[in-house]
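Just so it is clear, A, B, C and D label the chains in written order, and each chain counts residues from 1 on its own.
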Amino acid sequence: MENAENLIALLVAAPLLGAAVLLCGGRRLDRAGHWLGTVLAAASFVIGAVLFFDMLGRGAEERTLRQHLFSWVPVESFQADVAFQLDQLSMTFVLLITGVGTLIHVYSIGYMAHDERRRRFFGYLNLFLAAMLLLVLADNYLLLYFGWEGVGLASFLLIGFWQHKPSAATAAKKAFLVNRVGDMGLSIAIMLMFTTFGTFAFGPVLAATGETSEGMLTAIGLMLLLAACGKSAQVPLQSWLGDAMEGPTPVSALIHAATMVTAGVYLITRSGAIFNAAPDAQLAVAVVGAVTLLFGAIVGCAKDDIKKALAGSTMSQIGYMILAAGLGPVGYAFAIMHLVTHGFFKAGLFLGAGSVMHGMNDEVDMRKYGGLRKYMPVTFVTFGLGYLAIIGFPGLSGFWSKDKIIEAAFAKGGTEGWILGGVALLGAGITAYYMTRVMLMTFFGEKRWQPAPDPDTAPSVEPGIEVHPGEMPHPHESPRSMTIPMILLAFGSVFAGALFSLNGAFVNWLRPVTDFEHGHPPVSAATVTVSTVVVLLIGVGIAYAQYGRRPVPVVAPRGSLLTRAARRDLLQDDFNHIVLVRGGEHLTRSLVYLDHTLVDGVVNGTAASVGGLSGRLRKLQNGFARSYAVSMLGGTAVLIAATLLMRGV
Amino acid sequence: MSFPLLTATAALPAVGAILTAAVPATRRTAAKWLALAVSLGTLVLAALVAIRFEPGGDRYQLTESHAWIKDFGVRYELGVDGIGVALIALTALLIPFIILAGWHDADSLAVSDSGPAAGHAKRWRPTQGFFALILMVEAMVILSFEATDVFLFYILFEAMLIPMYFLIGGFGDRAHAGTDENAAAQRSYAAVKFLLYNLVGGLIMLAAVIGLYVVAGNFSLTEIAEARASGQLEMATNTERLLFLGFFFAFAVKAPLWPLHTWLPNAMGEATAPVAVLITAVVDKVGTFAMLRFCLQLFPEASKWATPAIIVLALISIVYGALLAVGQRDIKRLIAYASISHFGFIIMGIFAMTSQGQSGATLYMVNHGLSTAALMLVAGFLISRRGSRLIADYGGVQKVAPVLAGTFLVGGLATLSLPGLAPFVSEFLVLVGTFARYPVAGIIATFGIVLAALYTLVLYQRTMTGPVKPEVRAMPDLRVRELVVVGPLIALLLFLGVYPKPLTEIVEPAVRHTMSDVQQKDPKPEVEAAK
Amino acid sequence: MNPVNYLYLAALLFTIGAAGVLIRRNAIVVFMCVELMLNACNLAFVAFSRMHGNLDGQIIAFFTMVVAAAEVVVGLAIIVSLFRSRHSASVDDASLMKL
Amino acid sequence: MNTLAATATSTGEAVQFWILGTIAVIGALCTILMKKAVHSALCLAGTMIVLAVFYLANGAYFLGVVQIVVYTGAIMMLFLFVVMLVGVTAADSLKETIKGQRWLAAACGLGFGILLVAGISRASLDTFNGLGTANAGGNVEGLAALIFSKYVFAFEITGALLITAAVGAMVLTHRERTEPARTQRELAEQRVREGTHLPPLPAPGVYARHNAVDIPGLLPDGTPSELTVSKTLRARGQIRDVSSQALEAVKALEQRAEERLGHQGTGPQASRPQSREEENAQ
């Protein structure tokens, strides 16, 4: 197709238009707004698909499309353009974002049916799509930063969508702030690039990595890593993801599982050249990934809130991706591949969770579920497939991607390789454990349903879904608008992995962007695979022993120290609260006091002293003409003296 | 001798001010419309200035020059460079919105009992006075952006204090904590503080101006600058430094730079929202503008000498202002401290001595004007509805007045310089420009970004979200007049955020000139330097 | 003897007059002391005119007298009206010139 | 007259200077030290006359005469008139009321004088080319020539000044009578209204050795009553108090009368006053 690049802008424009119309349109759009949003998202997906097939039609070399719209900030040597670059990596993301995005739009039509602010919800969703697409399509880091903060804004708006819930508002603020810390890293990285290379466009920067010192590259790399940590909820900036579950479930599915949180992986993969040239930074990436992988998994094990449990698992799965990205050319492709498959099955899982909550009066506590498989079969099946996919059940998509990552981790070689690989392997086990736990607590066992809470007393209840306090939930299958997306995603989570791995299709597809080299683990790949499956089965077994055999207590047992810590996100929040929040409050309070007393006091003090002095001088003005005369005479005398002295000198 | 466009641009509001003041007491509405019309006319003239100005042309264009006080070589000399054009445009653009936003601010005075007895109610015309003063300020500010004669500039720099004093002290915020007397006392305190601070600065500057005359023999900025550049006019190092400090002090008070900032929160807190916007978005810009135009051009060596200290002060302003903003309980004071932080960015950009920094600073002046105007005016609408400035008195506004909350959020996002909104471009330019020369300063300054997000979002969360407070339950959403005020501002913020090129094109040549004045070049990227 | 002594005498008288102005409270007496000072000046003028050998000094003295006469007229009038208003000729009673 | 050309003056003038100079200084000192304004005025007049003589001695004949005629003759008399008008007030007391005023005055005065003297002595004033040439055509003519040629404008202006001063003096002293003069009747009514001194004030000099207006009368209990003396005298403090011996005499008188009457034995108490009346009458 001739000059297909002109279509790229449309990718972003369509959802952007939707956002503008829906947010500025006002109430008259309330009735049709969600359809408009969905259609535009779908349009964006269609354009993406067109471009994709067009791209397939080209040779591997000329597949990259560029579109230069206009010069954004031109100041002397500082030249930032609004220009797009669509290569295989971007294309992968475009399809994922628009595809999953569209599905979730459809899902939301049903899910948000009863919310009077549905129009605005779709506006925000479109805004998010636009920003996310901008992020992955940008051809320079500054424009990427634009999209980066844009998705942050969208996530802020969507997490805090039910603003009347203080918890939601706080969670939104927290998410944005933590992300801001990451953004700081990104902006510093851009500054470093500018001062080092004089530019921050992908092409020149990544091409010129050879011309500067490794130290500089390490610095840039670490800054990029900080940014990735913020956006992808990696340790130490992961604390916001759990709270982000305050947002409506479709949001959790789209933003906090499938797309936005994976932006960090995109960033690192995109900047692969930099990391390749800075091994230290690369190792740091891998370590962060490994740590988060375990962290998220442990947290996931302890949560009783289904969404929070899934959030923990998201964290840990992204940990896998980051770890893979930290392995260099060996892992980039697998990171992205896991990202895509994860996008499918995690989105599916979240939608399933949403469907369950929908049927259970928005109950999120898994201890109050149980035995739901009879009541919502479709949800059960799709959720189950997602479950199998995520634990990496052989044949399903999760297996293909995760297994490769574990291999690559071992292939790192040396002790590092063993440690990273071991962690990845262990993570797979824990994943199996907590996902099985979720599965069992939700769909199996006996009913542990509780009467619906009063929405006024329990602010966690999502509004718009009519809840009659005290009424027992009557689980029912969700409307078709919700089930269809779940089914489609389930298909994705079953077959995507196998599809991608057909004679390394995915790897070859990405190879031009992220040069690929085969990793050679110390032990044979087969061994790794087998051990993975074994670990997986162990995890499932333990979970079954704990939750399948015995009845699940409705009230959570006190649990071991680790469990209790894990319930509180391994005390991360407490740490933040004590160190940052408290300290900050004290600092600001004392500063306010100082500003008033010290800085202001000095000035007012001088004023007061001048006043006092003049008050004393004032006494000289006693109004007696004669004393004035005295001063006159004295003055004259002084003058004469002065003149005499002058003439004397 | 072509049509004196610059004089006209400044003269129109001045004349308008007199006419507005002359409107009889009973015809309040007429006065308002007159003032609005005049401000719009000024906007048209300012647009003409921007059109007639060729970025590629001479440094100063549309110049006018007439002898004024022959004995001291004081001339009535006008001329604009890109920076001046940008700021004149900003001023002319903001004033109509300020007038619209303050449409009813002075009425309560006119009808309230606090006015004088019915005896001379005939001559009691607060509304007329309010708008006349605003127009007067506009005239002076515009002229000070045009003046290329140091003495002329000084006079305007001082003269604009008088109307500002009355605007702050005379037309305070009705929404206050405590009794009327209490509020009046605080108000007069704020007004006097504003006046004293700026007067002290002005006096020190006057000394420096006289000193400059003694050294240079005339007041013409262009001539002195040329003489300096061509080396005809030598200054002893210490003389130059002293003169520089004299000028800089005055501008730093106006800007305001830490630790000379404490007048701003009081003034902005006590004044009505439109006046607060006038202070921070328009009048204070004269200070930063003058740093660029006078300090750097007249005393390049001294500027370079003082740069490290100033950068440090600017850094303190950035972090300190942001931290104090976090600690505020009063919406308007919070915005004031945020402005202090932003002024820190502007000053840092000016003295980073890189083209990115200085263009960024100039853009920042414009963008900060727009963003603060948007945020402060919406805050003003909010406060006028509830009658309180305390953050704690609000909550859940988003539910009852979504449009108000939305605009407030956009203003806030602009304040925390979100990409896509104008301030981001300028802030990032300043950061990059500073980082190129002073990496540590650049990194510390980026912490300001996080803090900005903190105070903005905390403000938004506490006022707009959460359960609806009973007091705000009946709060009406934005009215048409208010939408007319906020809408265009937000549109501009978005446009300049995505397409700031028109602005940068105008500003860039002027910055290039300034850079050559201080004989500074952008540091080369490491890679090229290596080659 | 050297005619300069006239000047010394003038200086002495002037000083005495000044002291009088400072210590007396009766407006009239104060006024007299002022006259005394004027006369001292006149003496000096006359002496100077003799010194320089031209009459300008005397002219000035003459004018001084005229002006003194005018001043006395007005001053005394003021004193009288002051006395009428507050039944006292004390300069201290008119001490309203204070902040 | 040409003798005045000399740089060092004649001994005659020297003697005159030293004598009259002393007088002048004493006069000046008295002016400022005398308690009563009248005396100050007189002393000042004396000093002025001395100064007039000095003018003559310095060849300023016209000024000398003018000094005597205008100053001593007219202005000082004006002063005396005003003193008479104003009368004697408390202001005359030399007691200082403003704290430290006197010391300051002394200090400033001294310093000032010393400085003046120093200044004169430093100035090189030894060359005296006298008025011989200037007064050749006569002093008055010389002055006239100058006044009407060189200083004519100043002269005219001083004329204007004098007129203005005269008018000003009139304006200041003239007082428009706003309300009509109060009649006897009104005064009487006011007395009744106030209730004090319904009858006219007591006449002075009762029981006096000689009938003098400045002696207060005695009340029945023998204490003098200020009311009996006219207001002006009271204001000037010119009340001659009833000397003690006068009171003694009265007492002795009563004593004797007592004895006589007692000696006669009986006597109506009421008659005693009358009898005393008779006694005094004699």
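Points worth noting:
In this text, a contact is a pair of C-beta atoms (placed from the backbone, for glycine too) under 8 Å apart; a residue touches a chain by one contact, two chains touch by 3 or more.
Since the structure is predicted, the reported quantities are computational estimates derived from the model, not experimental observations.
The most centrally placed chain, judged by C-alpha centroids, is B. The geometric centre of chain B is 73 Å away from that of chain D, both derived from CA atoms. Centres computed as Cα averages put chain A at a distance of 96 Å from chain C.
Note: centroid distance chain A to chain D, computed from Cα atoms, is 105 Å. Per-chain Cα centroids separate chain B from chain C by 62 Å.
For chain C, residues touching at least two other chains, in rising order: 18, 22-23, 25, 91-92.
In chain A, 622, 624, 626, 630, 633 are the positions where the chain touches two or more neighbouring chains simultaneously.
The set of chain B residues that touch two or more partner chains is empty.
Listed by label, the pairs of touching chains are A-B, A-C, A-D, C-D.
Listed in rising order, the residues of chain A touching chain B in the complex are 23, 70-78, 82, 142, 145-146, 148-150, 153, 156, 160, 163-164, 166, 168-170, 172-173, 176-177, 180-181, 183-184, 187-188, 190-192, 194-199, 208, 211-212, 216, 584, 587-589, 591-592, 595, 599-600, 603, 607. The part of chain B that touches chain A in the complex is made up of residues 196-197, 258-259, 261-262, 320, 323-324, 326-328, 355-356, 359-360, 396, 398-399, 406, 413, 418-420, 424-425, 428-429, 431-432, 435-436, 439, 442-443, 446-447, 449-450, 453-454, 457-458, 461, 464-468, 498-501, 504-505, 508, 512, 522-528, 530. By the touch rule above, chain A contacts chain D in their complex via residues 622, 624, 626-627, 630, 633-634, 636-637, 640-641, 644, 647-648. If you check the complex, the residues on chain D that touch chain A are 98, 101, 104-105, 108-109, 111-112, 115-116, 118-119, 122. For chain C in complex with chain D, the touching residues are 1-9, 11-20, 22-29, 31-33, 35-36, 39, 42-43, 46-47, 49-56, 58-59, 61-63, 65-74, 76-81, 83-84, 87-93.
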